[in-house]
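Below are two complexes that have chain A in common, paired first with chain B and then with chain C.
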Partner chain A sequence: MNEGHHAFSFFRVAAITGATLRGLARLKTFYVLLLFALLLIGNSIFMAQMTFQQEFQVLKDIALGAMSVFSSLLAVLATARLLPQDIDDRTASTILAKPVSRFEYLAGKLLGALLLLAISLAAMSALFFLVLTVREQWVLRETVRQMSAAPPDQLSEALRLVRASALNPNLLAGIAIIYVKACLLASLTLFVSTFATTSIFTMIVMAFVYFIGHLQAVAREFWLQTHSAGWISQTFLGLVALFFPDLQLFTLTDDVVAGNAIPMTVLAQIVTLGLFYTGFYLLLAWSVFFRKEL
Partner chain B sequence: MTEPAVLLSNVTKIFPVPFQRRPVVALRDLDLEVAAGQIYGLLGPNGSGKSTTLKIILGLVTPTRGKAQVFGRDSDRVASHESVGYLPESPDFYKYLTGEETLRFYGKLCSLRGARLKNRVGELLALVGLTSAAGRRLSGYSKGMLQRIGLAQALIQEPALLILDEPTAGVDPAGTREIRDLILDLKGRGITVLLSSHLLGQVQEICDRVGILANGVLVREGSLSDLLGVENQTQIILENASPALINKIGDLAGGSRARLVKCGPPQTSLEGLFLEATQAPGGKGGSKPS
Partner chain C sequence: MRVIVAILGVALFGAAKLPVEHAISETHRQLHFCAVDLNLDLREQTGQLGFIAALSGFRSLVADALFLQAHVAWERTEWARVLLLFRRITTLQPRALLFWDMAAWHMAWNASTAALNDRAQPRLALRIKAQREYFQLGKDFLERGIRNNPDRPQLYDALARLYRDKYGDHEHAAELYAKAALLPDAPGYEKRFAAYELALCPGRERDAYADLQALYKSSEKERFPTLLRRLKELEIKLEIPPDERIPD
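Up next is the complex of A and B:
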């Protein structure tokens, strides 16, 4: 037997995270990545007729959009089955019969899903940067060839413009926002799955939450403009805002595509908000799962 | 006085049923004590409350009323799980892990690591006879092998109490016998075993004490000899007895207040007959069942 039980152990959480990640990596989720890769490659061939600014903008738009959609989908699909499957198979019972707290179990499961999302997003980003770099190099070579007779300062200005339209640090900020949004959705899905009767129910609930999350800010503004803001409506709106995150905040990637820089303070605020909600939903999940009969 | 391995005091479990006024009473005022070092069998038909009892002891289900303790510690405390190993009925572990990885995973959950974990995994694989299948994924394991790896994971942290829910469910007679021998071996090592089963023959063979649950109530409890012995009857088993001898015994009994109730060859269990027939060379069985 072991000496002294610790209420929380990263070692135990890491063991559950590792097993969860291995299980998820065997799912067909990586086909999503393949689809994404094909989309990008096909897209770059299609855009050969455009100007380089258009080409890079559309490439970023499609790539970041696809990353956002696929990572959100992956977050929900991968997390929705985690708990029901373990409970159905009685694996949860064998794990929780060991000196493992229910919080450690949930944290390990969620971290496994978040790690999968990180790996998927890293792979998609790597492919995206590769395609963008290849296209950028091609455009640079073409520019040099076409402007071989132009004065050097004109040529260097043209090359600077090409480089500025292609890879830039703002893309990393956009990818970070996409990841934080996916983390939030995964955590929320885990929470829903603690009381949902089936995975399908979890996915349906998440589809509603997704739309409410995107529409709630607009609806709130509209409500406050057309109704007097009494304490009841303010409390109600506050509760809605607390339980349903404003997903519209995470659409800042549109600015990245448009070439606008995201201020560091705004990026920090969004990341903090996303991580707050991720932790908040994990605690909510634990509060339901704590007394769940297995 | 030694602390009992399991102590349930006045435990009641009521499961509410959605959209129905009447809830399901799974256990009613259950008092149960399992002494350390025993093999205790919990019997009962399906739905009698056996699994619920075990889950309450494991802290997986919270009793509506009453108290459950394992070696003096409340069973809903995670720390109490350090001394308990559990094998659920028909477990399905992570199929993508190999037998060795499965044991390493459960070992890590018990904070084992390094050489200690490696040695323990090796020991247990040998104990359950799965050393040669250690590198194979569980998806390729038979039902009996899954039960054995399940038993090994239950033992990974060297628990003082082993809880087995229908340990031989779905396992063939040869596998059943192996598991039975393993349980007896564990008892020899000082491990308390609490098992639930509806296979009476199996329980009779290995348990020191049994409790019988029916509709959530403990209707019988005691040592096997106490429960099974018929006090006013005596069994005489003779080999090669002639009809004349049997008649004589009958006459002797008739001359007293005793009565010869039954006379005939003793019966073996069906399991014994099956094993004899299937394991003897040529599958025909050379000798009479014992």
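Up next is the complex of A and C:
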């Protein structure tokens, strides 16, 4: 090894990240998914005429739901094909023949996928906020027009209600949690793809992981608190609790839309847990990929 | 060997993360987040697809789809369907105040009026009975909503309105407005409304007078026509000496 060569270099990781991002950005799947999500969010402006509170609630539900679905789908679909494709077209061998460690290679790949997720989520968020602001301004104008004869304090209370129902900082917390969940899923997908033979297999495994992950909390609480179940049930529940992440913890968008404030401590806990998961699955992927024959 | 190491790694990490996940879940429970029970009741109410969607973290989307169906059912005045759909919606989204409020409004205001004016039912007694049943359904929705959202004033306010307008029960209405006034983010009028309702309760005139006086003295902004009228009525009823009365 050269004297100037470091075991870990951010530049090498950044180079792989950039190449991965460019590769992913050329994918038709990415554009189709993003287009569907943007269409769904954009279309929510034309929804049935309801009272402003109903309208904002449905609009936020659809937009955050679309963001959650598409970012989770993108995390799995984009990451599942990274390793198999590189191994198939020998790109992995070419890169690893250079002074690039396998960890740097995996980290670069994952960061590329996470950057793609960040860009697509930013695009969806921008459109969502635009739609919400346009609707809010329209409702504010309507409220002022309809209440022109009302006393000033009633009018200001009505305008306050409209503003409180539309944009609020909690939405950012909800979007942050959606992103952290997508990061976790991408990292877990990368880990599965290190031992999977095809990307289809990885996607199927991840679909199961997704559903089981949302039920993990039920299994965990039952396993920790109930001791009357048979040993087969206990073993099964224990395995689910130990081996799967609790994805329900990352599903707070329902509460955000319902207008419940997410305290900063709770947000910090979830983000830390999500990043911890992401890092752990990356390390796990590296431990499997470390001596994998390419 | 690598696979065994990976499995052991996941198991060890799993054992370490369990208490953390459990603790965060407990915090969420205390904050009433994800306050929906994934059980057979929910499965029966939401159907297979809805249940799967709820399991996958898309409760709000399912609830919205059902809400749009309920909107259509309301336009068609299919009250039984409106009731069924709102039961599903509120089961899926127990922390969305809007759904509880809408459900109660449809039952206690719209469906009850429709029942009272139901031309298919010639007997007035039965029409009134049906109307009362819809009041009760509206009240049930709001009471369950409050149990799920004890920290938000809006549903206390809605239930107070229901007691006031549908049952003419001013004592309960006053109690609920007063509870709403104590909660964070309560609108300023809750305290005033509590005093208005108390003024209409026989035997509570002294308390009402004290509350209205306090509001009157607190700020000029509180001196709304209704408050002045109620104070005047109580001054006469309680025979307050002229020098202690508010100016005309």
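A few remarks follow.
We take it that the second predicted complex is superposed on the first by the 251 of 294 C-alpha atoms of A that agree within 3 Å, B and C clash if a C-alpha of one lies under 4 Å from a C-alpha of the other, contacts with A are read in each partner's own complex, and residues count from 1 in each chain.
Heads up, the rule we're going with is that a residue touches a chain if its C-beta (ideal position, glycine included) is under 8 Å from a C-beta of that chain, and two chains touch if they have at least 3 such contacts.
Everything quoted here is computed from the prediction, not taken from an experiment.
Judged by the touch definition given at the top, the superposed model places A:291 against both chain B and chain C. Within the superposed three-chain model, A:11 lies in touch with chain B and out of touch with chain C [touch as defined at top]. With both structures placed on the common chain, the touch criterion links A:69 to chain C but leaves chain B unconnected.
Taking chain A as the reference chain, the count of touched residues is higher for C when chain B and chain C are set side by side.
After overlaying the two complexes on the shared chain, residue contacts for A:248 are found with chain C alone; chain B is out of touch. Of the two partner chains, chain B is the only one that A:26 touches; chain C does not reach it.
Annotation: chain A residues 291 touch chain B in one complex and chain C in the other. Residues 1-2, 5-7, 9, 11-12, 14-16, 18-19, 22-23, 26, 89-91, 93-101, 291, 293-294 of chain A are the ones that touch chain B when the two sit in their complex. By the touch criterion stated above, chain C contacts chain A in their complex at residues 2-3, 5-6, 9-11, 13-15, 17-18, 20-22, 24-25, 27-28, 31-34, 38, 52, 55-61, 63-64, 67-68, 71, 93, 95-98, 102, 187, 221. Those residues of chain A whose C-beta lies close enough to touch chain C in the complex are 48, 50, 53-54, 57-58, 61-62, 64-65, 68-69, 153, 157, 195, 210-211, 214-218, 220-221, 224, 241-243, 245-255, 257-260, 263, 266, 269-270, 273, 276-277, 280, 283-284, 287-288, 290-292. The touching residues of chain B, counted against chain A in their complex, run 15, 55, 58-62, 78-79, 81-94, 96-97, 105-106, 108-113, 150, 153-154, 157-160, 163.
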